[in-house]
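Two complexes come next, and they have one chain in common, subunit A, joined by subunit B in the first and subunit C in the second.
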Partner chain A sequence: MNSMPSDSASMSFVDRVVVPGDHVLDLTGMANQTIKLGAGLRQDGDAISVMKAGKLRISKPNKYWVESSHKRYVPCVEDTVLGIVVDSKFDNFLVDIKAPMLGLLPVLAFEGGTRRNIPKFEIGTLLYVRVVKANNTMNPELSCMDETGKAAEFGPLKDGYMFETSTGLARMLLSSPPCPILEALGKSLSYEIAIGLNGRVWVNAASPSTVILVSNAIMNSEFLSAAQQKIMVEKLMKRLQ
Partner chain B sequence: MAPMEVDRADGRTSNQLRPLSCTRNVLHRAHGSARWSQGDTIVLAAVFGPKAGTKKEENPEKASIEVIWKPKTGLIGKVEKEYEMILKRTLQSVCLLTIHPNTTTSVIVQVVGDDDRPELSLIQLEVQMIIKNNSSIIRAFLALRITHVMGLRTPQLLPCAINASCAALADAGIPLKYLAVAICCGLTGSRSVILDPTKIEEKVFSYSCMLYLLVDYFNCLDRGYAACAKISEFLRRSMESQAPSDLTKTT
Partner chain C sequence: MPIMEHKSMAWRMSVNERKFIETALASDLRVDGRRPFDYRRLNIKFGREDGCSEVQLGETHVMAYVTSELVQPYRDRPNEGILAIFTDFSPMADPSFEAGRPGESAIELGRVIDRGLRESRAVDMESLCVVAGKLVWSIQVDLHIIDNGGNLVDAANVAALAALLTFQRPECTVGGDNGQDIIIHDPKVVEPLPLVIHHLPISVTFAFYNKGDIMVIDPTHKEESVMGGKMTATINSNGDVCAIQKAGGEGVMPSVVMQCIRIASVKAADITSKLKNAVEVYNTERALRKVKRHPSKMAHQVSVADITLEDKQVKDLPRHQAKMACQPYIGSSQDDEPKVDTRTSTNADGNSSGTHADAFVGGPSKWDPYPLRVGTSQVLGTLTVVKEEQVVSDDHRAVECSLDHTTTSSSGTVSVSDAMQKSNTSKSLKDAVKCLLEFFLPVTMDFWMTSVATEYWHFAVVKVIVLCAIRCLCQWLPSKLMKAL
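Moving on, here comes the complex of A and B:
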């Protein structure tokens, strides 16, 4: 009655789109091996099954994850995100990072932060922060310092314009080597950009028209290939002149 | 006793479904959305969440799902509340509720197209919600209801809504155990099974025929499973399209 295709290796699913419920790996033959599961996968008895729809990726030898792009963010440790201050308590700022729970930014998590020089953030301030603790059951904890305790570009972002995109586009913009769209725009325009892995992007430039141009170009580049992105930027530059 | 082949009003065979169409990511502000249509029955589902906080009577150790059903016309009444309850139970068994405890996911279902035909006298129909794991056919049975409807209710709205909500949940990235697909089966007076009935086909021939033979019931189930395999194939193909609001159609 069960007509499950026998997965001799999970290679049949790798780099292909999987939907929730697909059993991508059968663990019965892998007694002494360690497998690391990333986003979107869970262990379901003797098999690894998919929780989110997306592309299955593997990083040899034993890391599996599902790459998907959504409008909400699932917090992971060491991610850099853009948060908006929602409230301030005695020892925490409550920061919205597009996650299921609000993030907590300790009031002392700044370089040289003491009880005497607590920064005053108004509600609505945009912050570039790093996720320190991420657990599904607790509010994620954030920090405006890097591991060594330096400020390192974290903190409030002034001026500029923030827009929201999907997490997939944010990952593409942050990929190395640098994303073609950012390089192409940088050749002719000068702008400042901060990308949060939670799908928020902040752009600042000398003139508002540059800010608008860069933001629109980035928003339109989500589903274009590298060559198409370059062509789009060339067309935009031609129209400017 | 072999059931007869039935001549249906729109020319389909008894096993043939209406044309399916699924579009995901249609709404800009919703975290996940899908528009599912089977012939003239069109349902739009939007998902918001997970958002922090649960209601008082919900278990804070699990995520809770809230369903709001919006009919095409008219005020919200008991019928809508019943649909909400059934849909909520279905989605609760499909979602992994322990991943994000103490959060609420809202699913809003808007009926866009309702197969507008003249009213009928009596409908006697069995609506089956069938959950299938997409890669292996694990036959998990969720809910079985025998509906006696007078007049306005459209039984194939609920399967359409289940399909749309599942596609919307997958679009939003809510962790799911598997995708659910649903189909509506009708039992005609002559004891033959028709799949995916439209409103006009639901005429009962004798009101007294309220008892089902077990054989008929299992016959219905088998036909339903076979049709669900087709629908789940379609759903999987529609997941594979990457572009925003990409349209996948099939007949």
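Moving on, here comes the complex of A and C:
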């Protein structure tokens, strides 16, 4: 692959689709700088090369990563995901987070959690958790607390409906400013939503028809532009009335 | 040591989903927005070969493939063919499907479809018999599950029917030397035969919830995981019940079963019409593909010959006639009459000259594509006409034959030609040369015609010019040669 020599040329790769083997950054002209590499990038001697197909993103001043959309999830530290309890052992719950390996949620990883008030989760409970440790050799470790030790909305989700999408759609839904589809739906309907970066989305509302409408609208909005999403929501609202 | 997942727990359903599906159904709502008795979108596609179909029912994807072979019949049914259904639950369709021996659901699916086709006598077995007791056709239907999105039975049933409707088996006859051999005709030579299918049994699947109170049609994968019981009713568009399958699950009241059958007959009519439309579209497309057209070589030969020769006929005839007139060696009284006749006839059209020649020779084909050539050679009488016939039929051997014919008369001709022979022996050399040239012309024309047909049309212009040149040469050269000789 031809390598782009200068730093200014690497800016041309940002926000563009890259494939494995592309060299996106040359380090010869950046002796005293630190660069943080995220998912999908690797240092190859004097150049940074791409390992995953996707879009190259930059976060000023020095964070680079490759964004791609899959149906599988690769656990990363500090990700918030939706997990389903599979089993409970003595010190941790086994939770499925759509990763290659089951996640381990320590029994004490709850706000004010002691050996006396261990929560009882039946098999199939939906949990909103945070990934604490992620390694490709070990089971990822999860927690229902944030860094300071507060509950912060983590924990079991009651009622509602859960459906699975790709990781790309989940990231789009979590973007700020808020995603157009969520905004448009929120203008006319009231609903509660929890989005996991592993592609799982939980929706809850007062009536089942609202839940069904919101979930189908989100599933169909993955490849629509902002304007198309708004038009789709308008059409759905008209059909309701 | 990392904790790996259990294989059997590859797909999990959360408690929230389970409860929600049931509460939504209580208000007649389904998770994908359908009403309880709505089918998902049915998409039927066919492969390039006969008997290959692909059906998509929402997310469920099934392929069916029909093959036939000649086998010995079963002993208790010596004059009936054999129908076999084989199901393949591919592991790529669902994480719970395992490669290898078919599981319980695979066997059940195969059995339900088999019962619908065989016991309702949908496929005519007796027409598959070739020699009673010895050879019958065995039809095997292979069902491959590509993607499990729920309701595999219905999708597989439609796929099997679509494949059977478009399948064609080769025609075979009993004959041969001893009257016992079975000859299987090549499908390209003899049209293959479709199977005789009397009616179309369509299966409709219902899922029960809440102890049999709520039922839905065409459950999705998630709805199937939550359901209490399942029932499949196989009905044809006439309303005949071909099969009913309810294997385990919650008990339902007989009134519910009757209601399901009534709904199923309505749905079956709808699916039958969709299936028939798809098969019709495929059949017309297949018929169009098989239309045999005339080989392009023949077509071009006819048209180009007409174009070039008719043009030249008018132009060259006066010149040709003038030359004939001034060639005294040809003018024997015997030839005059036929010469005059043929000239007038060539003025009209080539066919009459051919028929006139037939009065003498009685050759096989009456139509001569090169009438002008016949006209010029009429001067020499029947001898050359006979050669013409041969040349028209077989170009390759004519080169050798022509010389022979000039010296020895053909057996077909009678005393007339003999007389001609005697008068012409003295001029045989000149005749030979003339005949050669006369022959050379059609050969080149044939050559050019084929090349026009097979190669690019714009070369035709060049070739027409060359043809004119050769024609002029043939007319002009003999006279020169004769003068020299």
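Observations
Keep this in mind: the second predicted complex is superposed on the first by the 232 of 241 C-alpha atoms of A that agree within 3 Å, B and C clash if a C-alpha of one lies under 4 Å from a C-alpha of the other, contacts with A are read in each partner's own complex, and residues count from 1 in each chain.
Heads up, the rule we're going with is that a contact is a pair of C-beta atoms (placed from the backbone, for glycine too) under 8 Å apart; a residue touches a chain by one contact, two chains touch by 3 or more.
Bear in mind that the values here come from a model prediction, so they are computed numbers and not experimental data.
Superposition of the two complexes onto subunit A shows subunit B and subunit C fitting side by side, with no clash.
In the superposed model, A:Lys71 lies in contact with subunit B only, and not with subunit C.
When the two structures are aligned on the shared chain, A:Thr137 is found in touch with subunit B and with subunit C.
By the touch criterion defined above, A:Met162 reaches subunit C but does not reach subunit B. With both structures placed on the common chain, the touch criterion links A:Met101 to subunit B and to subunit C. Looking at the shared chain after the overlay, A:Pro208 reaches subunit C, while subunit B stays out of its contact range.
After overlaying the two complexes on the shared chain, residue contacts for A:Ala53 are found with subunit B alone; subunit C is out of touch. Within the superposed three-chain model, A:Val19 lies in touch with subunit B and out of touch with subunit C [touch as defined at top].
Within the superposed three-chain model, A:Ala227 lies out of touch with both subunit B and subunit C [touch as defined at top]. Closest approach of subunit B to subunit C, taken over C-alpha atoms in the A-based superposition, is 5 Å. Touching of subunit A by both subunit B and subunit C, each in its own complex, is seen for residues 101-102, 137. Residue ranges of subunit A in contact with subunit B, taken from their complex: 1-5, 17, 19-23, 40, 42, 49, 51-53, 68, 70-72, 74, 100-102, 136-137, 222-223.
Against subunit A, the residues of subunit C that register as touching in their complex are 2-5, 9, 12-20, 23-24, 27, 29-33.
Residues 84, 86, 94, 96, 101-102, 104, 122, 124-126, 137-139, 157-162, 202, 208-209, 211-213, 215-216 of subunit A touch subunit C in their complex. Every residue of subunit B that touches subunit A in the complex is listed here, in rising order: 31-32, 49-52, 96, 99-103, 133-139, 170-173, 175-179, 235-236, 239-240, 242-244.
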